[in-house]
Amino acid sequence: MKLFEYQAKEIFRKFNILTPKEKLANNEYEAIIFAKEIGFPCIFKAQVLVGGRGKAGGIKRIENEEEAKRFAKEMFLLKIKDIPVEKLLISSFVDIKKELYLSITIDRQEKIPIIIASKEGGIEIEELAKERPETILKINIDPLLGFKNYQGRNLCLELFGDLSLVNQFNELLQKLTTIFFLYELQLVEINPLALTKDNNFCAIDAKIIIDDNSLFRHPEFKNYVTQEIKNKIEEEAKSLGFSYIKLEGKVGCIVNGAGLAMATLDLIKKYGENPANFLDIGGSTNKERIEKALKLLIQDKDIKVILVNIFGGITRCDDVAYGLLSVIKEINIPIVARLIGTNQDKAYEILKDTNIILIDNMKEAIKKAVEIAVKS
Amino acid sequence: MSILINRNTKVLVQGITGRDGQFHTQRMINLGTKILAGVTPGKGGQKIKFPNSEPVPVFNSIYEAKKYFEFDASVVFVPATFATDAIYEAIDENISLIVVITEGIPVHDMIKINAYLKNKKSKLLGPNCPGILVPEEVKIGIIPHEYFKRGIIGVVSRSGTLTYEISYYISQTKYGISTIVGIGGDPIKGMDFVDILKLFNKDEETKVIVIIGEIGGLDEEEAAKFVKRNIKKPVFGFIAGKTAPPEKRMGHAGAIIEQGRGTAQSKIEAFISAGIEVFEEPQEIINLLEKINL
Amino acid sequence: MKLFEYQAKEIFRKFNILTPKEKLANNEYEAIIFAKEIGFPCIFKAQVLVGGRGKAGGIKRIENEEEAKRFAKEMFLLKIKDIPVEKLLISSFVDIKKELYLSITIDRQEKIPIIIASKEGGIEIEELAKERPETILKINIDPLLGFKNYQGRNLCLELFGDLSLVNQFNELLQKLTTIFFLYELQLVEINPLALTKDNNFCAIDAKIIIDDNSLFRHPEFKNYVTQEIKNKIEEEAKSLGFSYIKLEGKVGCIVNGAGLAMATLDLIKKYGENPANFLDIGGSTNKERIEKALKLLIQDKDIKVILVNIFGGITRCDDVAYGLLSVIKEINIPIVARLIGTNQDKAYEILKDTNIILIDNMKEAIKKAVEIAVKS
Amino acid sequence: MSILINRNTKVLVQGITGRDGQFHTQRMINLGTKILAGVTPGKGGQKIKFPNSEPVPVFNSIYEAKKYFEFDASVVFVPATFATDAIYEAIDENISLIVVITEGIPVHDMIKINAYLKNKKSKLLGPNCPGILVPEEVKIGIIPHEYFKRGIIGVVSRSGTLTYEISYYISQTKYGISTIVGIGGDPIKGMDFVDILKLFNKDEETKVIVIIGEIGGLDEEEAAKFVKRNIKKPVFGFIAGKTAPPEKRMGHAGAIIEQGRGTAQSKIEAFISAGIEVFEEPQEIINLLEKINL
């Protein structure tokens, strides 16, 4: 779960990490009042959970009341990558001596948390990694022991050339590590991290991603708003416990297993169409879940054909067949079904008199579905 | 010889009284797996009857179970909220192989478990994995054993049904399968591709290796490096997720392209440069295998 | 540093570990009032930092106001192993189903913390270890990972035969482990730990020992009163940074190094006298510290002779000699000095015209000191 | 051959700019120890001049120092409040031998350091120890080398001056000393008696071993067990603290009789039952050594 900048900064402030003075505006009128409270110049920052906010006009420096009025109105009308701006963070202007990059994330290969830092702040780390990888510093954090002060000293020496800032820097690293472990984060990022004129470190921006699997231990995030769920179908899929992702094509897919689902999408593409979605119905499924999956898919009006691809192991093909059978009348687009494995014969028996196109072979089934979609 | 397990492997089921635990215990027994006991805290003392088998005793702890039995392996069906504790229990009780089926274990738990494992004797497979199958002999986990034929191809994979799909085609060739190992779909797991490749490389029964990868992480890239340096046996590779959009988890917690890394493209290139022949459709493996002469 | 029972229980309550209802009385009048507040029967518990308090009459069950008055008076006049009772803890009576023993300490050999538990509470663990060692259960705690729930389950099964109490028991163990690591303890002990009639765990007694070396990280304990320092000399020695322990004999000792000091005491005893103290003046000492050590010792009126035993390595014998020289006039008991090693010759030169008895050989020096003490 | 160090050991001094660090660096150099560099965070860049030696460069971190030098060992003179961090730095920089002179390191830090060391390459000696001396050749630490003669007796001890006292007598015999190792007076330390006994046992120069123990813990009891099982060389033992009252720390944090355990009596009995000849006065070692024929 991604937190909004303002939510991440609330956590920072709880741990006494310095941030600009900030207020969260829910509409243009609040924005204007808060801007005056905070004083000019100040910064308006659109609260959206997508990258590239700056380039899309989601961050503005506001010099006076007039500008505040104008941009408060404008920015609340803005959409950034299709996402409407619903909240503006009004942030005091910080006098910056130097901009840095600092984050803690997990190194998948080494299976440990790492601190990533760079003298070059304000640029997206992916870009920096491509353009000036030599400026990116990494430090391993022992998962059981945590951050050690000498590591902060080493980082400080690399970033600043001396240890004059080491105490405040290590304090910041200690706090970030604490936050990282306490909330079981996938990422905590400060970009840019400002070194202010009076030699303090200030988090100008803040990004926090919490591991969804750990949320059961963190009820404090239960009611956090997120924008990650973009549309109704995704929301419904999530509530049903399906792993569903909306894509841009015409071939709707119902598959059991994530790997098989990905491979199915890849083949749809290979044979000339685009998949409309990723949908993994999971391992040990039953009739009702198939019904729900189908009802979910038909809400997507882009879909011209539904492809059901099941390798029956734990999943029983006859269960799937009964599920198809029970909703078949509500569906007025073609269905191609490929059911193989446990109770396959029963399934074919159940579906033999329907208009569902039954194809044994995965490749042929996909080709058929693509053919229908292309013609439609 | 299979890798990791064989028909003599003595298995403990953690979470045996749960729906999945009980169902798959039955299926493991059906194939011939030696299930000696189960553990479910608070449900110790009972015996679960399975058709065609001795009743399986249930204990409150591994410590208790070990008073009566020795175990070579355990399989964990415990729900995610309690699975971490079950894994530590198995590690501390010196279970050599721990196979974790459970999905949804927090990432921070997994990094701590991996750090803790460093000076322990246990090997961890998973979590969020289908387990190990030695066709026609034994299995630990949930791989539907009915569809696979015994033979000389070693299969290692990050996914479940895709592995079944491909292994199903392999089983249609004259070669068959030595062992299928599902390492699991999570970003942080126990044994990686390389750990399993090392075992297949040493295993005399295994003459050919099939790696089934997917987007996310660098595990396939590491596997490719290892194959290039160490493996003389023919290796075939499949990568799922070529059409996956960035920053989206494709069902598996680990199947995500992050910050431009972990793309199918990168993995396919790594495979090719390591001399691993890449196939694009599950079914293609049949033709590829028919071409080789062993 | 040992905490008083009432201090340890304050920490327990902070972590929501159940204790009896309690109030701390500083005099007999408070004791009576608090007893009435808490209600009868209640328990009066003398707050002293020595074992065997119960046997010495330091714990009394009070049935009514009359008894409260009588024992409040009596107990504030009590001395337990020479220590006057200055505070009484007035504790509510708890209806106990079962008494257990529970503690966390450090296993020196394994270098890890261990949980120690027993079904037999209320008995001192040393006694239990001798009499019924089979009832003592031990569980290793990983120093980096901490306590694991399955360990609590195992303990629960051994203690109670089933898991009906496992949730409250594991919660207690989690809290105790947190306290143990947070305050960097050498020992946290609950003896007895009561299982109450309504199946809660209640800490009837509480013992906490903090590692002195970690106190710099725990300023919260800075102003904690302790009774460990029994007399003025020990207090002064501590403030001077000397490692000093008052003993019962006549031979005062000044030695550099703990091992050599212990060996010196052992030989004094072997040759027929008792040492008056343990005093390690440490490694790199100087003239002033020798002066201070001597001035400290002569406050102890039991001392009939002072033995100075120095192996000069880092310690320079001439420094010691100058220290002796400067206070020699203030000391009217015999001094036997054995100075060997760095600048030994200079030292002998410095002291040759004094009445200090100089003996090269450790054994002979000790024999001489003993001889003087025996004659005195 | 000495154990642990020799004249070629390349040494780093952590906390070199402090009073003790600087003083003892000079003395180590005097004996011939190869001190290549020092580390004091914030004081990097300077060079410290020592008579009869090249100036020793000071760095801000071991990481920096390692850009110029390789090290076999480090010696820690850092004050207790910062010593734990210095030890972790040395461990993470793969220093093989870390000798910690510092007194007063918290016990919880030491249990964590010991757990952390389990899958690391470093060996830790101390804390609160005088270090290692190979007479007439090299030393790491603070043992006053002027008083000891080279020879064939290995000395291992929990204390400082008592060790000097006994070693001083040994040096008066014809035998002399191969290596003196002070393992330190803290309750939780790095290498124990047994670790050092193993090295002495294998060392060809060492023909006789002297163990100097004291009250507290069970380290002497473990040493006795090891001697009984593994050591054929003559072993002599001394125990300090026979008159120590219970529950009092006798100068060393580890020298305390707790809950009736760790008494001198118990240790002496363990020594005797292991065939270790026990002496009661430092000076007695002279007579004991004169009686043996080597």
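To keep things simple, chains are lettered A, B, C and D as they appear, and every chain counts its residues starting from 1.
The criterion applied here is as follows: a residue touches a chain if its C-beta (ideal position, glycine included) is under 8 Å from a C-beta of that chain, and two chains touch if they have at least 3 such contacts.
Bear in mind the structure is a predicted one, so any value in this text is a computation, not a measurement.
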Going from chain A to chain D via touching chains takes a minimum number of steps equal to 1
Higher number of C-beta pairs in contact (B-C or C-D) found for C-D
Per the C-alpha means, the centres of chain B and chain D lie apart by a whole-Å value of 48
Taking each chain's centre as the mean of its CA atoms, chain B sits from chain C at a distance in Å of 55
Here the gap between chain A and chain B, centre to centre from mean Cα coordinates and rounded to Å, is 28
Touching at least 2 other chains, the residues of chain B are 112, 115-116
Check: chain A positions touching at least 2 other chains come out as 142, 144-145
Among line, ring, star, complete and other, the chain touch graph is complete
Contacts from chain B onto chain D in the complex sit at residues 118-119
Residue set of chain A touching chain C in the complex reads 144-145
Counting only contacts in the complex, chain C reaches chain D at residues 106, 108-109, 111-113, 125-126, 129, 142-144, 181, 184, 186, 211-214, 216-217, 243, 245, 247, 255-263, 265-270, 274-275, 278, 280, 283-284, 311-314, 340-342, 361-363
The answer for chain B against chain A in the complex is residues 20, 23, 80-81, 104-112, 114-116, 142-144, 146-147, 157-165, 168, 185, 187-188, 212, 214-219, 222, 238, 240-245, 248-255, 259-260, 264, 280-283
As the complex stands, chain A meets chain D at residues 142, 144-145, 148-151, 153-154, 157, 163, 166
